[in-house]
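Both complexes shown next keep chain A, but they swap its partner, so chain B is in the first and chain C is in the second.
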Partner chain A sequence: MTTKWKQSCKAFLSDKMATTGAIVILFSLILAVFASWIAPYNPNVVAEGSTRLMPPGTEGHILGTDQQGRDILSRVIFGTQTSLISAVIPVIIAAIISVVLGVIAGYYQGFIGNLIMRTMDIFFAFPAVLLAIAIAAILGPGLLNVIIAMVIVRIPYMTRVVYTDTLQESQKEYVEAAKAFGIGDIEIMFKQILPNVLPSLIVYSTTLAGVTIVTVAGLSFIGLGVQPPTADWGRMASDGKKVLMQGYAFVTFIPGIAILILSFSFSMIGDGLRNALDPYERSKAKEKKKISRKTSQHIA
Partner chain B sequence: MLRYVLSRILSTIPVLFGVTIVVFLLIQLIPGDPAKSILGADATPEAVEELRNNMGLNEPLIVQYGAWLSQLLQGDLGYSYTLHTPIIEELMPRFVNSLILTVASMLICVTLGVILGLISALKKGSFFDKASMGVALIGASMPVFWIALMLMWLFSIKLNIFPVSGMYNMRNPGGFMDLLHHIVLPAFATATVSLAVIARLTRSTVIDILQKDYVNYFHSFGLSKSKINIVHVMRNSLPPIINISGLQVGYIMGGALFSEVVFNWPGIGQALYVAVTSNDYPTIQAGILLIALTFVVVNLVVDLLNVWLSPRLQDSIKAE
Partner chain C sequence: MKEDTLIEVQGLQKVYSGKRSLFTPSKKVTAVKDVSFSIRKGETFGLIGESGSGKTTVGRMILRLIEPTNGSIIYNGQSLRDLSNKEMTSLRKEIQIVFQDSGSAFNPRKTIGAQIAHPLKKFGENQDPQFIHQQVLKMLEVVGLRADFFHRYPHELSGGQRQRAGIARALILKPKFLVLDEPVAALDVSVKAQIINLLIDLQKEFQLTYLFIAHNLDLVAYFCNRVAVLSKGEVIETSSTIDLFNNPKHEMTKKLLSSILTLEGDLGEVYKKRSVI
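Right, the complex of A and B next:
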């Protein structure tokens, strides 16, 4: 077990994209936690006329100021807080619920399994973003409601991943052996099967966290989610729209880049984890490297 | 085969039924008393009670659902709180406009995605391959509203090539060409993320197939390269590409909302946005229902198309 984890860690660390992604996430976590110390200005203080819409590169305001004279860098730094919270928390809650639903559905199958999975099918009939918007809109604006909406929207996808894996696992010999030993269903499900199902769920959750950042930014963009004046990237882009027409693109451009970097980092970590946790993928990746090295030597 | 098609069509019925239940239950999520939140804080208890009666809120949930469903089956989606008009009259023309945008975006992401992926695969390792796949990798993480705003800034405000908003020129509506001129930016904004996903999948699929023995066999047989690539490689790459394109429909429909909001495209997404900002719950409900119903039908069509184009799937169905 330990060597397996060691190998996976080694494989992950040798993946440059994935480690860069991890470093970026770690860095943004530090920004989020220590925002009040790191940010050069109060992100919500509105300034008078002359300091409005200063372009990036202005002395004292590296990323410029928005139409209310607020320092964009400080707002981006504070924005990491809501972005990380709204990306990670719903995914974790949804993962916990999905594990229970997916493992039960996959292990018992039959009526219970059908009931759970057919209910999930109904949610697949909605484009995820739109369902999230509808739920968040009806619950009312605010970060908590966005988190609830994202949990509901993510559960079907994650449950399906857990279900498919559990289905495969429960046909394996160790499960039969455990049954023959008279071990209870709950223990088999959550002590024997679960550890084998977790790796792919972790990979999927990481990728979903990246997608969730973008979705939540979209919700903020249309006015759901965190309410002003709290700094939020989606909201900043939406505010920037008002001055975009006058040619001030940076007010929108910068928060968008922040969203892109964070979301992209999560998906890179997800890809890295998938390769690292799956021995087959790992050997395939190695093989590919070998082949490409060989061919490049050959050409040289 | 016919049996599969029929059973697939029949299998959508419980899903459609479930969709109506979910959409109906959405309204139950309104915090507190819906009648109170509609009328506002100053409403008298009598007015609230009257509205509760009118809305049928004093009936048991199942009765409310039955009444709502029977109205729905007669094409009655209720009245908008803000516009005070039947929602169906407001949403139907918008539905068509959204459909136009969605189809245009699908056309862009599928054709360009497949072309980019195919060229990248055939020229694997070249500058073109590396550049386009690098962009595709990042492109898949971009928020649609941001792409829309950036396209608007570059092509409408800076370069003045395409209009900033709307579907037709307000002063001088000019038919199809006018529509085409207006749709380019919103359609591209909606398509970008899916384009990136399709391009990456096409590339990896084609590369896999190029390494297959039968392709080598055709080469050694002396078949021309272009014929092998177009006839055999492309034909065998189709099923996964169609599959992923089908999955993209949901993203496109979701993304269209943001493009519609940014470019003021008079579609369902924009109506939903207005409804969200004004707490017009029946319109939110109707909009999401309409989109979900369309999505179910589209998924059905994609599934059937998939089977029709993939002989292997047909065999496995026959074997069952």
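Right, the complex of A and C next:
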């Protein structure tokens, strides 16, 4: 087990894009956890001696101040908290529910499978963002309700991924071999099939986490997400739109760039994770490295 | 039922109900119409037929991986279809299967050793990990694989090696009856011969009874004692291998026999023909 882990880590670290993404996410995690120590000002209060809309680069306010005179850097740092929470937690919860639903639907098929998948189709009928807006509007604004909305919105997509993979895997002969030994359904589903389904779900989840950051920012932008004065990137971008055309674009752009970087980082680690988790991909990557090393020696 | 019969299949039938939709009545597909045969202890019984003749389905039904629609399977005096799930589970130790596609017969995410050990861990009497490890190593040796294959992943093995591992896994619980579902169809000629010879050796060593499923007759003469020819879900001919080869009764059997590729005849003639083309 430990050697397996080591191999996986090695494979992941050899992927530069993925490693960069992981470092960025780790960095933002540190920012989120230690925000109150790292941030130079209180994010929700106008600091003494600062005026409205100071441009980036002003002394004491590296990223400037917003239209209320609050330090943008501090607000961006505190905004990591809500962004990470609203990206990661809904995806994890949705993934757990989807694994159970998707594996059961794909393994048993028939009536149970149809019942689960047709129910998912009902959710598919609505565009994800619209559904999220509808749910958030019904539940009312607030971080918890945004998370609930995102879980509901993500489940159909993830269940579909798990379902298709399970369908494919359960037709393979290793499943029949397990049945021929009299191994029970639950063990076959969650010990034999699940490890083969999980990698694509993990890859998909990381991508979805990136998309979720954007969607949650969108909900905040239209006022359904985190309520002021709590610092939130979507809300910050929304607040900045009033002064966007008056030469103060940075108020909107800075949180926008933060959203972009974080969501892009999640997408980047997706591929690296897949390679690291698959023993076949892993040995392929090793082989590639060997060849490239050989050729480079050759050239040298 | 005779004394020395191990397994007897009577009137086995499998009908798939097919796709049903709102506007069309369900179309029934008969995969296996009527199959009966009996296999004696210690013999190799061939089940031959073209693709689509239902031979694989018959093999799977004997293992109860597919539930038959009709018919009976008597194993050692017990009717397999009347057994409860619990009784069937304990009987599964005695009836095992070797698959055609060794590539998908192993879980790609677990090592060969772990997968051979799995049935032992689940159903073995001695649960000492040291003992299980020893048993797996012993079985690897029996099928002609080195001990270091224990920690390898399935994709790191060749087709022939994987098939050997597949045989090791089937034998780990010391079964009495083995369904060989085209075990060599996906292998190249030299490896084919090695695997068949291994199976013959193992049969002697462990007193195994084989049901050998194949789509052509080229290995049957060498490997099987008796043969049943299957066509469109029905047994059209059952006889000893010698009789089948010398005196085929059915048209279909003759066709199968003539399709065997051999190197008999004048090779020079063949080359001449080729050069004309």
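Rule of thumb we're sticking to: the second predicted complex is superposed on the first by the 257 of 300 C-alpha atoms of A that agree within 3 Å, B and C clash if a C-alpha of one lies under 4 Å from a C-alpha of the other, contacts with A are read in each partner's own complex, and residues count from 1 in each chain.
Simple rule for what comes next: a residue touches a chain if its C-beta (ideal position, glycine included) is under 8 Å from a C-beta of that chain, and two chains touch if they have at least 3 such contacts.
In this text, all values refer to a predicted model and were calculated from it rather than measured experimentally.
Colleague: Using the overlay on chain A, decide if chain B and chain C clash or can fit next to each other.
Modeller: Superposition check on chain A shows chain B and chain C fit without a clash.
Colleague: Given the touch rule stated above, what does A:218 touch, chain B (first), chain C (second), both, or neither?
Modeller: A:218 sits against chain B, while chain C stays out of touch.
Colleague: For chain A, which side has the bigger count of touched residues, chain B or chain C?
Modeller: When the residues of chain A touched by each partner are counted, B comes out ahead.
Colleague: Quick check for you: in the superposed arrangement, does A:179 touch first (chain B), second (chain C), both or neither?
Modeller: The answer is second: A:179 touches chain C but not chain B.
Colleague: Have a look at where A:244 lands relative to chain B and chain C in the superposition and call it first, second, both or neither.
Modeller: Touch partner of A:244: chain B, not chain C.
Colleague: Have a look at where A:126 lands relative to chain B and chain C in the superposition and call it first, second, both or neither.
Modeller: After superposition on chain A, A:126 lies in contact with chain B alone.
Colleague: Regarding the shared-chain residue A:192, is it in contact with chain B (first), chain C (second), both, or neither?
Modeller: A:192 sits against chain C, while chain B stays out of touch.
Colleague: To be precise, I mean the smallest distance between any C-alpha of chain B and any C-alpha of chain C in the superposed model; what is it in Å?
Modeller: Once the two complexes are overlaid, chain B and chain C approach no closer than 10 Å between C-alpha atoms.
Colleague: Touching chain B and also chain C: which chain A residues?
Modeller: Shared contact residues on chain A: none.
Colleague: Okay, in this complex, where on chain A does chain C touch?
Modeller: 172-174, 176-183, 192, 195-196, 279-280, 283
Colleague: So in the complex, the part of chain C that touches chain A is made up of which residues?
Modeller: Residues 60, 63, 65, 88-90, 92, 95-97, 99-101, 104-110, 115, 118-119, 122-123, 153, 155-156, 169, 173.
Colleague: Under the touch definition given earlier, write down the residues of chain B that touch chain A in their complex.
Modeller: Contact set of chain B toward chain A: 14-16, 18-19, 21-22, 26-27, 29-31, 137-138, 140-146, 149-150, 152-153, 157-158, 164, 250-251, 253-255, 257-258, 261-262, 272-273, 275-277, 279, 281, 284-285, 287-288, 291-292, 295-296, 299.
Colleague: Name, in rising order, each residue of chain A that touches chain B in their complex.
Modeller: Touch residues, chain A against chain B: 118-119, 121-123, 125-131, 133-135, 137-140, 210, 214, 217-218, 221-224, 234, 237-238, 240-241, 244-245, 247, 249, 252-253, 256, 259-260, 263-264, 267.
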